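Shared chain: chain A. Partners: chain B in the first complex, chain C in the second.
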Partner chain A sequence: MLKKEVRDILEKSRKWGWVLEPDAQKIFSLYGFKTPKYAVATQARQAVRLARQIGYPVVAKIVSPAVVHKSDVDGVVVGIKDDETLVRTLSRLSNIDGFVGMLIAEMVKGLELIVGAKNDFQFGPMILLGMGGVGVEIYKDVSLRMAPLNTRDADRMIQELTARKLLTGYRGSEPIHLNALKKTLVTFSRLMMDMQGVVESVDLNPVMCTAKSCMVVDARMMLKK
Partner chain B sequence: MKTVNPKGGLMNLKPLFEPKTMAVIGISATNDRHPANVVFAKNNHRYPVEVFAVNPKGGKLHAETIYPRVADIPKKMDLAVIATRAELVPDVMAECIGAGVKSAAVISGGFTEGGRKDLQDRMVDMAREARFPFIGPNCLGVYVPLKVDTFFLPIERMIKPDAGGVTFVSQSGGILVDHMIKFAQQGVGMAKAVSIGNKAFIKEKELLAYLARDPATKVIAYYIEGFGEGEGRDFVIAANACAKPVILMKSGKTAAGNRAVSSHTASLAGDYASFAAAVAQHNIIEAANELELVSFCEVLSSYTKPIEGRIGIITGSGGHGAMAVDACSLAGLTVPELSEPTKTEIKNNLAESVRTIAALGNPADLTGSAVDDDFVACARVMGASPEVDCVMVLLLPYIPGISLDIGVKLSSVSRQFNKPFVAYVPHVEKYNMLIEGFELNGIPVSSSIEGAVLMAKALARRQPC
Partner chain C sequence: MTGGRMNRKNAQELGRFFNPESIAVIGVSREAMSFGGSSFLHHWLKAGYSGRLYPINPRATEILGLKAYPSLRALPEIPDLVMVAVRADLVPAALTECADVGAKFVHVLTAGFSEIGTPEGRELEARLAAIAKERDLRIIGPNCMGPYSPSSRLTAWGANPGLDGRLGIISQSGGVTQRFTEYICSLGVGVSKAASIGNAAVLDSPDFLEFMAGDSTIDRIAVYLESIRDGRRFFDLARRVTPKKPVILLKGGESRRGAATVSSHTGRMAGDPVIWKSVLEQTGIVPVANLQEWVDACLAFSLLPKTRGKGVFIVGGGGGNSVIFSDACIRAGLEVPSLGRRSMDRIRPFVPVAGSIAGNPLDFWGTYLVNDFLFEALGAAYEDENIHMVIVDRLIPRIAFHSPEPTADSFAEIVDFIRSRRQVKPTVFTIDYDGGDPDLIRQGSDLRARFCRAGIPAYPSFERAVGALARFDRYCRRFGLAAGRSSRFGKEEKDGTALV
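Moving on, here comes the complex of A and B:
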């Protein structure tokens, strides 16, 4: 059974066919996933106050029911270090179609992975793990499993990646927190089982993984028609 | 033997596969090539099943009575083969249920595939209500060696494999019949051939439940075009719980028109990618093509114990050995270098004339001078050695020192060390007795090196339940 707040968000989002990013982030933080500190602003003074609370540098992203692919409309600005850039960014983003706010979030570093789900006609929720970022569909270094997953499934998914060495420490880089990644996969797969009646597909891209944690930095949740 | 039906009750499929009495409905009094007449003729007095002809017009088929309705037959029917026009089938099925018939194979076509989903829905509704197991429509039905054959293919045109351990369930009748030919060619025995056509009611999963308990079936193979909504999930979960190997060959892997999708995951986890992942995750062995399917079926009906995939290769030709090593590597199998003591032991057991010219690594190339005893000696050492867990024999029957008994001798080594052996022997009529020496004694033989490697690969892919 989904939490009431989640059901409310899903109900509200139905008319757009997908869940706005701040709402999606809300859902994932409610289910215990680590997310960056974030807030949504529409006014300059409010934006500055929130950004200072979060702490520069920050990332700013367009929030609009009309914009599913934010980078297609230049709707993401990373590495904002001061009030002036922030306000300028807000004024530009507010001109984008359907603008309802600007999401301001803490900058997070780490290894970019994609964790996704697709509600398959024949097999129900399928979980995907891959190397993330914008190149995900170019490299196609992904592994897939039917949900729900257990820890062993999650482990096998990691082992199947061609780039697995990047996760376990390659040429001096620190290995990521594999147990945190496995836990993310397992929890995500259970949530997708609970949501299979309403959700069509989800991209958590990127999930930023470091030696300490795995954080859901961007969440796109498409709903069933 | 019972299986759970979609309604949750129990359905008995045994009358479908081992009928004692069978009605063939839709017989023509005048056309012996009518599918119903072919089915009648090939079963009547040929299989241990009493066959009755049915047609509303009644009359005689040669000397046999044609009963107007199935209820007019003075015995209870285990199986009705329904071959009437599609629009008559729901009423015929209702009559069968009313007359206490225990199962049906609907070979008539013209249902969902011909725009008459309504007819099919009526049949499913009544079958579900009455717990009446039927396969089809739009199928060939069942072939069970020495029991029954509902395929409407003239008896003289069919190639039938020997009775054996493989049951093949196919969404396509043509693919099924073609594979019976391939199984026969490769010496793979079949337990059952099941054509499920539109699989309106009895589907892959219901058959799995029956076949898992069927003593004749050792390996369950499927040809699948696609599953209904959520049915793939149910099937793979059931297959994972099945103690017998489940092999699957899929068509329709290339998406007809990659529809635009709005998330990376939906794009990357396409229909076939999801299919392949779900199947592999549940210990189902997917065969990429016919050669894989036949090779996997053959080897898994001989051996059930999985291997890690360390292959010892024995050959009479260096070229064959090299080809096999490459194919093993591509298949994810290893051909480990043998330790010095093992190599020495092989060497010490070979004939003097062979010892000096053989290349004794892995592959062990015994050369064209080798005789049966050299192959057996080498196989014994590999059989006993923990360095390899499967022995592949690449046998060239034209080497002068090889006798017709080589298969018998090697199979006794395989049994002695409880280690799977697979063999390659060119398949031509001249070598049949030699091939049978292997196969009838439990060593599967492929007609290609690649096929022999695929057999080893299947053993390595099969995980213990």
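Moving on, here comes the complex of A and C:
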């Protein structure tokens, strides 16, 4: 059974068919996923105050029901280090179609992974784990399983990735927290089971993994038509 | 069933489809035999079906020597099974008649439903499903060949008379299953029950998977699927079944409906083939890609004892072949380990230093000609802990190397040797009879069939042997060793002598 706040968000999102990023982040933090510190601003002074609270550098993203693909409209600016750049960014983003706010979030580093789900017409929610970053659709280094996952499934998914060595430490890079990743996959798969009646697909892209944690940095949640 | 899960008891009642004591056939022409009711009756009679057959035809008194009846109502009993072979638009009325007389198990042979892709076809199929639900009918079909079972002489299609055995088959294609049963029965692997389920409008593959999982006459299940309605249920069942009964699945067709959600990475990267591959891995189902791999795997899973590792001993390939065969093993994820010292001490004395190589592969032409050499090599391998499986390359006697005359047929002795050791380690033969020489093909395929029917898998190429063993090894590693004491899956195949 979904939490009431989640049901409210999903209900509200129906009119545009997907869940705005701040709402999606809310859903994931409610279910115990780690997310970056974030806030939404519409005014310059408010934006500056929030960014200082979060701590520079920050990332700014357009929030608009009309923009599913933020990068198509230059709707994401990373590495903002000062008030001036932030305010300039806000003024540009606020001119984008459907603007309802600017999401300001903590910058997070780590190994970029994709965790996704789609509702297959034959098998129901399928969970995907893949290497993220720019090459994602070229290499298609992904593994899939039917939800819900158990820890063995999550482990096998990681083992199936061609680039698994990047996760376990390669040429001196620090290994990521594999148990945190497995827990993320298992919890995500359960959430997808709970939401399969309303949600068509989800991309957590990227999930940033470090030696300490796995963090959902961006979430796109498409609803069933 | 549509809209609900069957419980175990309901699943087991599907057994009635495969051993009916009486069958009524609606849709039998009076004229010359044609595909449909009359051809099924003809084949049941020919196979010696021992139950009661009732042709239904309002304008006939006798068909194929059987008393004909004008309707189901006129029958002296409620038939265990009704086969419906009338025109598609007449099927709903026939089903209603079944329900009215209390006949519950129905096979709808008729085509012309959802598979023709018209709104009328889909609508007719929806009506069929609705009648089944409302009147509590168990329906196989439409558009399929229905049940098949050699032990009941219910062999109107598929290998006829076929061979009784311990394999269950669930298939969305009657044609593929026809060929599969002929192929596998000709090699001595018998079939307990096959269900050709067609459009599966009412009973679907998960229903038969559940049934066969609980059927004690079935040890392994071969499945041909193109699509599935309730993949979730199939998945849950398969996960429970595969550790006990291997499920070997041939998946046909790319999905036409699995259109990706364009706005999602996941949708673009998770096409239908990728999804099926991952579902099969997750459930422990053994995937195969074509009819040959399907038969090859079923031979291995039916006839071999479990393997405890992937070290293969290769016997008798000759120089170049030894290299090629080793490569094939490695490519498939198997290993070709060195023999242990004791094995080498046993083999070395009879292998000439020049022109042969004692080791693994064992390249020694003497294993073709002198059984004692072959048996000594096998005996050593069976005791060698580096070795878990054996592949013997067997020349057809006519072309055995360095022999002025065709060599003596040593088949019987070889079979005795391996059977007396109860196949302690999976041992298979390869007999290459490919090419355009009909005499060689005849001799080769005959030799192959004799090995298989004697309970020793034999393959027409080394690569096919390796493919089957690699699948078998993967399954054993995942389930076999954990499954406990028994060295075999299920019961042994009967001596496959019925066809010889």
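FYI, the second predicted complex is superposed on the first by the 224 of 225 C-alpha atoms of A that agree within 3 Å, B and C clash if a C-alpha of one lies under 4 Å from a C-alpha of the other, contacts with A are read in each partner's own complex, and residues count from 1 in each chain.
Here is the rule we use: a residue touches a chain if its C-beta (ideal position, glycine included) is under 8 Å from a C-beta of that chain, and two chains touch if they have at least 3 such contacts.
Keep in mind that this is a model prediction, so the values were computed, not measured.
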Superposed on chain A, are chain B and chain C clashing or fitting side by side? clash
Considering only touches as defined above, state whether A:Ile114 meets chain B (first), chain C (second), both or neither. both
Examine A:Ser201 and indicate which partner it touches, taking first as chain B and second as chain C; both and neither are also allowed. both
Could you tell me if A:Val6 is touching chain B, chain C, both of them or neither one (first, second, both, neither)? neither
Chain B and chain C footprints on chain A meet at residues 18, 68-69, 114, 116-118, 120-124, 126, 128, 130, 136-137, 140, 142-146, 153, 200-203, 205, 220, 222
Note: in the complex, chain C contacts chain A through residues 227-229, 231-232, 235, 255, 257-258, 260-261, 263-270, 274-275, 277-279, 281-282
Help me check something: in the complex, which residues belonging to chain B touch chain A? 226-233, 236, 261-269, 271, 273-275, 277-278, 281-282
Residue positions on chain A within touch of chain B in the complex are 18, 68-69, 114, 116-118, 120-124, 126, 128, 130, 136-137, 140, 142-146, 153, 200-203, 205, 220, 222
Considering only the defined contacts, which chain A positions touch chain C in the complex? 18, 68-69, 114, 116-118, 120-124, 126, 128, 130, 136-137, 140, 142-146, 153, 156, 200-203, 205, 220, 222
